[in-house]
Structure formats: structure tokens, C-alpha cells
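What follows is chain A paired twice: with chain B in the first complex and chain C in the second.
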Partner chain A sequence: MDVMQPFYDICADPKAYARRWKARTGGKVVGTLCSYAPEELILAAGALGFRLVGGSGAISKADAHLQAYSCSLVRGALEDALSHRLDFLDGTIFPHTCDSIQRLSDIWRMNAHTGFHLDVVLPVKLNTASARDYMTAVMRKARSGLENMLEKAISDDDLRQAADTYNRIRATMKRLYAIRRERPGAIAGRDMHAIARAAMVMDRHDFLADLTRVVDQVADTETAARGDAKRIFLSGGVCNLPDVYGFIEAAGGAVVGDDLCTGSRQLMGAIDLKDDPIDAISRRYSERAVCPAKHTGVRTRGEELVRMAKEANAQGVIFLYLKFCDPHAFDYPYLKDTLAAEGIPTLLMELEEQTASDGQFQTRCEAFMEML
Partner chain B sequence: MLTVGIDIGSISAKAAVIQDGQLVGSKVMLTGYNAKTAGEKVFADLLAELDLARDAPDRIVATGYGRNSVAFAHKAVTEITCHARGAHFQDPAIRSIIDIGGQDSKAITLNEAGGVRDFAMNDKCAAGTGRFLEVMARALEVDLDGFGALSLKAQNPAAISSLCTVFAESEVISLIAKGARRADIIAGIHESVAARVAAMANRVRVQAPVMMTGGVAHNIGVVKALEAKLGYPVQVSAYAQVNGAIGAACLAAA
Partner chain C sequence: MSNQDKPIDFEKERRKIKSVKKMKDIMTHYYIDAKTAGETGKKVAWITSGGPVEPLIAMDVIPVYPENHGAMIGASKMGVDLCEKAEGMGYSGDLCTYALADIACSPVDGGPIGGLPKPDMLVCCNNICGTVLKWYEVQARYYDVPLFILDTPFCHTEFSAEAQQYVRRQLDEYLVFLETACGRTCDRDRLQEVGRLSMAGQRLWQAVLDTTVNKPAPMSAFDAFFHLALIVTLRGTQTVIDYYTELLAEMQTRVAEGISAVPDEQHRLLWDNLPIWYRTKWLSEKFASHKACLVADTYTSAWCGSLQYMNEDDFLGSMAEGYSRIYLNIGTDQMAAMVLGMIDKYAAEGLVMHSNRSCKPYSLGQYDIARIVQEQRGLPTLIIEANMTDARSFSESQVETRIDAFMEMLKA
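Right, the complex of A and B next:
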């Protein structure tokens, strides 16, 4: 599929893309960790948000600072920073989510030399009135922090325009998710992964244009429905292994939805453009689906997962967790039981960025499809 | 109807023949370097033993890690599904299987029809596998076949705290140096394997009756330790090693 090429070019080497973008535009690049980093503010400042989802080589330098039982996301990102592979960054934003990212923030501040450092200390509980006020105050602080560090004033109009761009991106991604739900196989899993990966690093205006082209084409193309494929919903955190989709498809499955941090979680919700922009952006971060490091009620994540899996008409749920991701691991037994009570079978796959164990992953996928 | 199941494992290749719902024969041999040759040989040898022509089988299903290298099979099915089907064939009441092989261990729960309800696998780590026991047998200079019986004579099982095979081995060597009794050390080793495997079984909500398969099922010490950890009796399969091949042959007839 030709319209997919820009996304594959970026996925092949996201860092090279960021360097080219910088050379072309003279703009600044801001690294982010996790989907709670307020990307709208980065865009409003005219900078490029660059999501760090792990490393690009074997890990040796990072392990002088982090235990081997930290996840490959924080170890890989630190390795890249210490190996000067992130020298194009003008700064990095660390949202206050899991313990590993918080501690990484301190280690990074002391050891990595990637420009400015901004902690966005979000509330943990999101469903109270005081948390809403707190969230708004945090966003205001992040705005002035970014203004200082990027030496650029961010007006309300800039914020509204950035919010508008993100609204369009999210609405278009929603369209694509809906098509995939209706016609599994209309877009290949690896294409979906390439789009989601590019969404985190590409110039957001270019991304929206290229994404719209893909979605229009997918919508207009008659694809033979993979009617016999088992409908699979993916649940978990960061998935940066395109092979996963290939294994699921080869085993006879088709992904019909996800709640991944690198998937629908970054793409859900809309920002109310009529409101004060900071209030509206804060509200979206408070109301979107929560990650296991945040709290909106004891059973919210389980209920939400059941609702999404049912809406996608999923026959099974595959949990994709990064190995040693403790927030996800803490939630797993309860989520598995909640789905089991609804008659939805599950499979747990623990992944590490650098090492996908092909044969074993394939056997588990096949066994799961046979089970469904 | 005559069907054959072929299970190519990492260490041994197994075959089983089922005719009209009855098991008529089975065979086990080492897989060796070439999974493809092993599949052909175990199949040919078993048919020869049973005086059957090569074209006698109506259908053949292959399973195990080498399932895709058995070119003459009609279908490849994972070992998870085959183990469930094999245990169901042996005893339809079975609701859970614990399989400890040479290089991995699995816990599988079954529905009434012998289908898989849930499963978990450990294939990243030698702790809780047959390999762990082999390493310990070497350190203790005891023949692996005598391991199970010897451990039943333990008076005061040793505590092995490490979950890692390499570090557990150094613990065992320290225990030897301290003069701990062999039987007590072996009982401790079995408890360590059982604890590891029981944790995995509890994750898939293991239910009675439980059947144990795989080569380690022949070790009575591990079976007893598992029973204690799970709180259920554990039934040892009469066909512990060929259960997967039996399941494949059943699926070939379905």
C-alpha cells in the first residue's frame, strides 16, 4: 500500500526523522515518556513531540543506573540517552505516572545531557474535584515551564489550534479503528502499528494529512473480509514490536481493538474548543481511559476493558505487557478474572523490547486461537 | 478409522496410533539434531512394529515444537491443545494438567469436552523443569531415576530459597558441604520445583482432578510435593510422555 510508505520510512528510523525535521524547520524537539505527556502544549509552542518508547540497541550503559528488573522501556530510553543517540532533543518531559518513569526522571536529570528537563507532576487519583483543579494547575505550570525552556510564548490561540489538530487526528484514528472493527483485515496489523508509531514522532500536521489519505483509501477499498479470523482485543501498555501483529494474524487471529498506551489510549477523547484551552486540555487528560498507574475507581479499568472488548465483539483478549511493568502486573489477576466472569478468555504475553522470542510467542498465539 | 499423532519435542519424538477410539501403540525416541528425520523415523518405526503399511493411517496430526517440520502430516496443532485432548482421552473427568518436560513446564485447565479453557507456560527459565532436576542430580551424584524414591526417605527437607537453577545449585553444594543428608536435599529440591509449578497452576485457577504428564511425572517426589502445594491429589498419567501424541491422534480422528 503506497500511502503507507511515509509511516514505514519513519518507523525504520524515528531518530533520523527527527534530525531531518529539525534541519528542515529549525524547530525544537521535545522528548516525552508515556501518553500523559501534554503533547498539545508542545505543539502549541511550535515544537515536535518525540515519544521515547525504548531503546535501539543492546543495553549496557543504562544498567549501571537501573536494575535489570526494570522494564525495557526505561532501560532502553536511558541507554539511548547515555549513548548520545538522543542528541537532537532540546529537552524532555517526564509525566508523573509509574515509579520507573519517576525514578528515570531523576537519573536522567543527573546523567543524560538532552537539554531541559520538565517534570509534569500529575495527580494519581483523577476522579475528584480537587484532582481536577490540581490537574489544571499542573497544566498551567507545564505551559509556563515550556514557554521558559523553549523561549516561546504560548498564546490561548496557539493552544486552541494545537487542540484542534489533535482533535482531528484523534477523530481520524477513531474512524480507522471503527473500520477495523467492522472489517477485520481491512488494514494489516503491521500497518496499524506503523501508523500508531508514527503518530508519536511525526510532524503532527503532516501526520494528519497522511493519515487522512490512508483512512480514505481503506474506507474506499473493498477487502475480502477475514470472516474466519478470531477477533482479538489487545490490552496493555507500550507495544513497540510490529512482529506481534504478524504472529497473531499468522495464527488465524485479527486485531479488532486495543487499549494500549501506544494505541487507543493516546487517541481517545476530544478537547472542547469552546472552553478555556488549558481547562479543556486538562479535562481530556482527566477523563480519558486510565493507565494502571492512575486511579478513577477500584473497578473502573476492569469495567472499561469489558466494555471495549464487547464493543469490539472480541472473542479473546491478549494482554501485552512489558516484562517487569509492575503497574500492569498488579492489575492483571483482577482484569483476567473480570473478563473470565464475562466469558472472555485471555492470554498473557510478557514482552521485552529487544528480544521477541519467536517460536514461543507463536506457539502461545496458536494455542490461544485453537482454544477460542 | 486409523489415525496417528506425532509429537516432536525438544528432547524426544513421540508417536501414537489410535484405531476406532482405542490406543493400539506408541513409541518414544530421541529427537536429535534433525526434527524432520526424527518425525519420519518415529512414524515409520511405530508402523513397522504394529505391522501397518505406510498408507494405512487415514489422517496424521503433528504437534510439539517441531510440528511444522512433519511434512506428511495433514495438520499441525499446538502441544497445548493436544495435551488437553490426550488427557481427556485417558480420563474424561480430568480438569487440569500439569506438564513438566525437559525444557519447559505448563499448566492447562480443561472443559468437559477436553478443550483448553486456559493455560500458562514457563519456557524462559530452567527452574521448575526437568533440566533443573538433571543439574541437581549431577551435583548430588545420584542417578535421576532414583531421585523420587530417595526423596521420600527425607526426615527434614532442606530449604532451597533461590528460584534460579545456577544459584540453587550453589545452595545445594553449600548444603552438601554442611553435611546435610542427600534425601533431605533432594526433598528440598522437589519442593522448590513444586512451588514454582504450583504458582503457575494457581494463576490459571487449577481445578481437580489434576493429571500430571511429561517426563518429570515419573518422579514420585515431585508428584508428592505438588500434591502438598496444590492441596489436590495428582494423578500420574500412564502415558506421561506420549500424552501429546495421543491427543494429536485423537484430534486427527475428530
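Right, the complex of A and C next:
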């Protein structure tokens, strides 16, 4: 598919894209560490948000700072920073999430030379009035922090426009998710992955334009629905492994939905444009599907997952977790049991960034599909 | 020679800390009280080790610490079995082993005291880690009891005004939570009094720890690991004050009489991170065999480290800051500064770090702290890879070789 080319180009080398973008626009690039980084603020400041989802080489320098029992995401990101592979960054935003990113922020601040460092210490609890007020206060502070560091005033209008762009991106992604749900196979898993990956890196206006083109085309193309394919829902954290989709499809499955941090969790939830923009943006971050490092109730994640899996008519759920990821690992037994109670079988795949291709995943995938 | 004929080692007897027995009695009574709460009509709250216990004491709720229980499980070498059980339940073995042991304990009433008394409520303060949030969510589902989360924003470089406001508001919410759970109001004067006792207890604990500035040190970090239990579990009660007053007196006497924790102390070291509970005795003897005393540690001092932010005359008002700015809730560079401060205060010649796979917020950043200690004080660091409760990741021969090599280097 031709319209997919821009996304594949970015996936092949996101850093090269950021460098080109910078050279072309003269703009600034801001690294972000998780889907709670307030991207709308970055866009409102005219900068490019660049999500760091792990490394692009073997770990050597990071080993002097992080033990081998930290997840590949934090080790990989630090390795890139210390090896000067992120020299195009003007700064980095660290939202508060898990214990590992929390310490990564300190280590980064003390050792990496990637421009400014902004800790956005979000609340961990999101479901109380005081937590929401705190969230808003933190967002206001992040706004003025970014204004200082990027030397650019961010007006309410800038914020509204940025929120509007994200709303459109999210609405268009929602359309794509809906098509995939209705017609599994209408878009290949690796295409979905390329789009989700590019969403974290690409100039958001260009992304919206290219995404719209893809979705229009997919909507208009008559693809034979893969009626025989097993409907699979993906649940978990960061998925930086395009191979995963190939394995699932080769084993006779089709992904019909996800709650991945690098998937629907970053791309869902609308911002109310009628409100004060900071209030509205804060509200979206408090109300969107919750990450396991945050709290909205002791049963909300299970209920949400069941709801999403059912909505997607999923026959099975595959959990994709990075090894050493505490927040996800703690939720696993509960989520598995909750789904089991609804008659939805699950498969757990614990991944280290480079190990998806070792055949094990494929074998287990095949066994799982057969069982469904 | 039979056992009876074995001569009493007077030197060793003299060296034993006499207060130990009393401490054991207090803890036994505490656990009996907690386990019989159902009969006495008292409520039980499970609370995290860094959590604000004073309101519980003021409300006559019995606080129970799963982490203290975790330490007991580790020390009684029951950690491996329970962690394996947790893995059988689907939990990854890479998670915090206090959490794993506790979660596995619940359905079987396992562990050295036949399980903890069931909670009526859970109080989770994330000033030590994000792990406790997930762990308490698990237990809130299992026991189906209300959970209060005190969210203390992480202080990378500052304790911000908005964080102060947020935590302060939550403390009021906490009181409302307790009042609802107990069905009566919280007497603010009583809370103020408990706060005063809590701070007095913390000051005494600090004074006890400070006796090791003396050369030789009258106690070691291994003793501190043991005597710590009270400041964690019974903070805010008179019992703590009475006990630490006695312990302090005993330490002062030891100093006056020149009784040291380690015979012929030649080397002074600082310990970082949680103890390796199932090997404390072995480690203590190992270091002692090199005439080295672990004179202080970053762990036991965490329960008095934020006294400077507390205000006796406005306890509730100052709790927000006091509970937010504790050792594990601050930036790695600030932790390094505190380590340097301890090195100077206790005249340590080296740093022993337990790189604890079980505790990421404590362990990630240790390499940088070691580097800073090397750069600023020229002191070497020994890093021991282990885990506080689960002996499976502990390799005795490897650790022994590394300790020996480290000590040879220090002596050279």
C-alpha cells in the first residue's frame, strides 16, 4: 500500500526523521518517556514530541548506570542518550509513571546531555477531586516550564489548536480501530504498528494528513474479511516489535483491538475544546484508559479490559509485557482471571526487546490459536 | 567435649545487646494484640512502612505492616517457598519479594506467625515505591476492604507548592476515611499528642543510631536492622520511647565501657539498601571476621530522616512535607548527598551496597551514588547482588569471594 510508505520510512529510522524535520523546519524536538507526557503542550509550543520507546543498539554505556534487572525500555533509552544517538533533542520530558522511569529521570538528568530536563510529577491517583486539581496544577506548571525552556510563549489559542489536532488524530485513529474491528485483515497488523509508531514521532499535522489518507483508502477498499481468522486483542505496555503482528497473522490470528501504551492508550480520549484548555487537557489525561502505574480504582483496569475485549468481539487476549515491568506484572493474574471468568482465554508473552524473533513466540502463538 | 563442658565465652556474652529480649517481648505482644483484634473489637489497618501511622494510633486502630512481616518471612527463611507460591499464582518472580511473599501468604495463612490478622482497611503511601500501590490493589481485591492511597509526589529536585497542597488535602481525606471506617471522629488533640510521641520516638531512634559515631561502634547496622521494628510498627506510642530510652542508655554504657559490636574493630563501613534478611547473621560474621563493622546504613535511618521537616506544634500540617521528603522519595543526587553526609558523620572507609533486584526505587541509581562517593571521597564500593527475602538469587560463594577481595583491598 503506497499511502503507507511515509510511516514505514519513519519506523525504519525515527531518529533520522527527527533530524530531517529539525533541519527542514528549524523547530525544536522534545523527547518524551511515556504516554502521560502532555504532548498537546509540546505541539502548542511548535515543537516536535519524540517518544522514546527503547534503544536502537546493544547495551554497553547504560550498564554503568542501570542494573540488568531494569526493563529494556529504560536501559535502551539511556543507552541511546549516552551514545549521543539523541543529539537532536532539545530537551526531554519525564512524566511520573513507574519506579523505573522515576529513577531513569534522575540518572538521565545527572548523566545525559540531551538539553533541558523537565519532570512532570503527575499524580498517581487520578480518581479524586484533589488529585485532579493537582493534575491541573502540574499541567500549568509544565506549560510555563516548556515556555521557559523552549523560549516560546504558549497561548490558550495555541493550546486549543494543538488539542484540536490531537482530537482529530484520535478520532481518525478511532475510525481505523473501528474498521479493523469490523473487518479484521482490512489493514495488516504491521501497518497498524507502523502507524502507531509514527504517531509518536512524526510531525503531528503531517501525521494527521497521511493518516486520514490511509483510513479513507482502507475504508473504501473492499478487502475480503478474514472470516476464519481468530480475533485477538492485545493488552500490555510498550510494543516496539513489529514481528509480533506477523507471528499472530501467520498463526491464523487477526488483531482486532489493543490497549497498548504504544497503541490505543495513547490515541484515545477526546479533549473538550469548550473548556479552559489546560483544564480540558488535564481532564483527558485523568480520564483516559489508565496505565497500570496509575490508579483509578481497584477494579477499573479489569472492567475496562473486559469491556474493550468484548466490544472487539475478541476470542482471545494476548498480554505483551516487557520483562522487568512491575506495574503490568502485578496486574497480570487479576486481568487473566477476570477475562477467564468471562470465558476469554489469554496468553502471556514476556518480551525482552530483541527476543521476539526467537521462534518461541511463534510456537506459543500457534498453540494458542489452535486452542481458541 | 560435650556441649555442657563448653566454656562460656565471657567476651561474647559481654558483647551481646541485653535489650534484645525486651524488644522480642514487645513485638510478640504487639502481634498477639493484632491477631486477637477480632476478640477485643479493635480494627486492624494494613499500612506501608513509610505510611503515616499516627492517625491510626490516634484512632486506636492497630497498624499492621506487611513489610515487617516480609522481613520476618525472610529472616525465618520462608521466603523461597512463598515466592514460589506467588509465581504459581501467576506473579513474576522479578517483582518485590515482600509483595510476593505477602500475597502468597494470604490464602494459606503461611509464614512464621501463621499469617497476618485480616485487615479492616488498607492504607498505602507511595512515598517508598509504586510497587506498594499495585500490591495494595491486589490485597484490596482479595480482602474486599477499603483502600486509602496517600499519593506523595516524587521529589526529583523539589517538593513543590502544589504537591504540598495536594498531600495536605489528602491528609484531611485520610482522616475522613478513618472516621468513616471507624464510625467516630478523630480527636485532633489526641493526634497532636501522638505526633509529639512519634517525633520523640524518631529523635531517640536517631540518637541510638548516632552512638555508632564512637570508635569502636557499640552496635552495627545488623543490630539496627533488628531494633528498627519498633520505630516502624509502633511509632507514636509511649512504648517506643521507653524502649529506645533504655536501648540508648545501654549503648551509652557500652561506649563508656568500650564494648564494641565487632571485636577489635579496624574498619568502618556504610551499608546501603534493605538487609538480606536470610543472611544477616552470616554477613555480620563475615564482616566481623575482617574486623569490619557496618557502622551505619541508609535504610534504618530512613525512619528519622525527615524529622527536620516536621513541626511538633503543627503535626498534621507538617506531615505532608515530612512524609513526602523521605529517603526513597527524593532524587538520586540528593540520596548521594545524604550518603556522603553519613560517610563523614560515621567516618566510614567504604560503602557496601546491596543491589536488590526486589526493589527498583532503592537500587536503580546505586551505580551513580557509588561513582559520586568515589569521586568526592575517594572511597571504594562493594556491590552485592541479592534480594531481601528470596534466597534463590543469593550466591554465597560468590558474595564471600567479593567481600574477601574488597576487604583485602581496604586493608592494603
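Heads up, the rule we're going with is that the second predicted complex is superposed on the first by the 371 of 372 C-alpha atoms of A that agree within 3 Å, B and C clash if a C-alpha of one lies under 4 Å from a C-alpha of the other, contacts with A are read in each partner's own complex, and residues count from 1 in each chain.
Rule of thumb we're sticking to: contacts are C-beta pairs under 8 Å (C-beta built on N, C-alpha and C of every residue); 3 or more make two chains touch, one makes a residue touch a chain.
Bear in mind the structure is a predicted one, so any value in this text is a computation, not a measurement.
Colleague: Classify the contacts of A:Arg364 with the two partner chains as first (chain B alone), second (chain C alone), both, or neither.
Modeller: A:Arg364 sits against chain B, while chain C stays out of touch.
Colleague: Counting only touches as set out at the top, which of chain B and chain C does A:Ala171 meet: first, second, both, neither?
Modeller: neither
Colleague: In the overlaid three-chain picture, which partner chain does A:Leu104 touch, first (chain B) or second (chain C), both, or neither?
Modeller: second
Colleague: Per the overlay, which chain contacts more chain A residues, chain B or chain C?
Modeller: Comparing touch counts on chain A for chain B and chain C gives C.
Colleague: Identify the partner contact of A:Gln67: answer first if only chain B is touched, second if only chain C is, both if each is, neither if none is.
Modeller: A:Gln67 contacts chain C only, not chain B.
Colleague: In the superposed arrangement, which partner chain does A:Ala293 touch: chain B (first), chain C (second), both, or neither?
Modeller: Touch status of A:Ala293: second partner only.
Colleague: Quick one: classify A:Pro345 as touching chain B (first), chain C (second), both or neither.
Modeller: first
Colleague: Check whether A:Asp133 is in contact with chain B, with chain C, with both or with neither, and answer first, second, both or neither.
Modeller: Only chain C is touched by A:Asp133; chain B is not.
Colleague: Touching chain B in one complex and chain C in the other: list those residues of chain A.
Modeller: Of chain A, residues 333 contact chain B in one complex and chain C in the other.
Colleague: In their shared complex, at which residues does chain A touch chain B?
Modeller: It is residues 333, 345-346, 348, 357, 359-360, 363-364, 366-367, 370-371 of chain A that touch chain B.
Colleague: What residues of chain C sit close enough to touch chain A in their complex?
Modeller: Residues in contact with chain A: 89-92, 94-96, 99, 126, 129-131, 133-135, 137-138, 140-141, 147, 149, 151, 153-154, 156-157, 160, 162-163, 165-166, 169-170, 173, 331-333, 355, 357, 360-361, 363-368, 371.
Colleague: Going by the contact rule at the top, pick out the chain B residues touching chain A in the complex.
Modeller: Interface residues on the chain B side: 65, 77-81, 115-121, 123-124, 203.
Colleague: Could you list, by residue number, the parts of chain A that touch chain C in their complex?
Modeller: These residues of chain A touch chain C: 64-67, 69-70, 94, 96-100, 102-107, 109-111, 119, 121, 123-125, 128, 130-131, 133-134, 137-138, 141, 292-293, 295, 298-299, 323-324, 326-327, 329-334, 336, 350.
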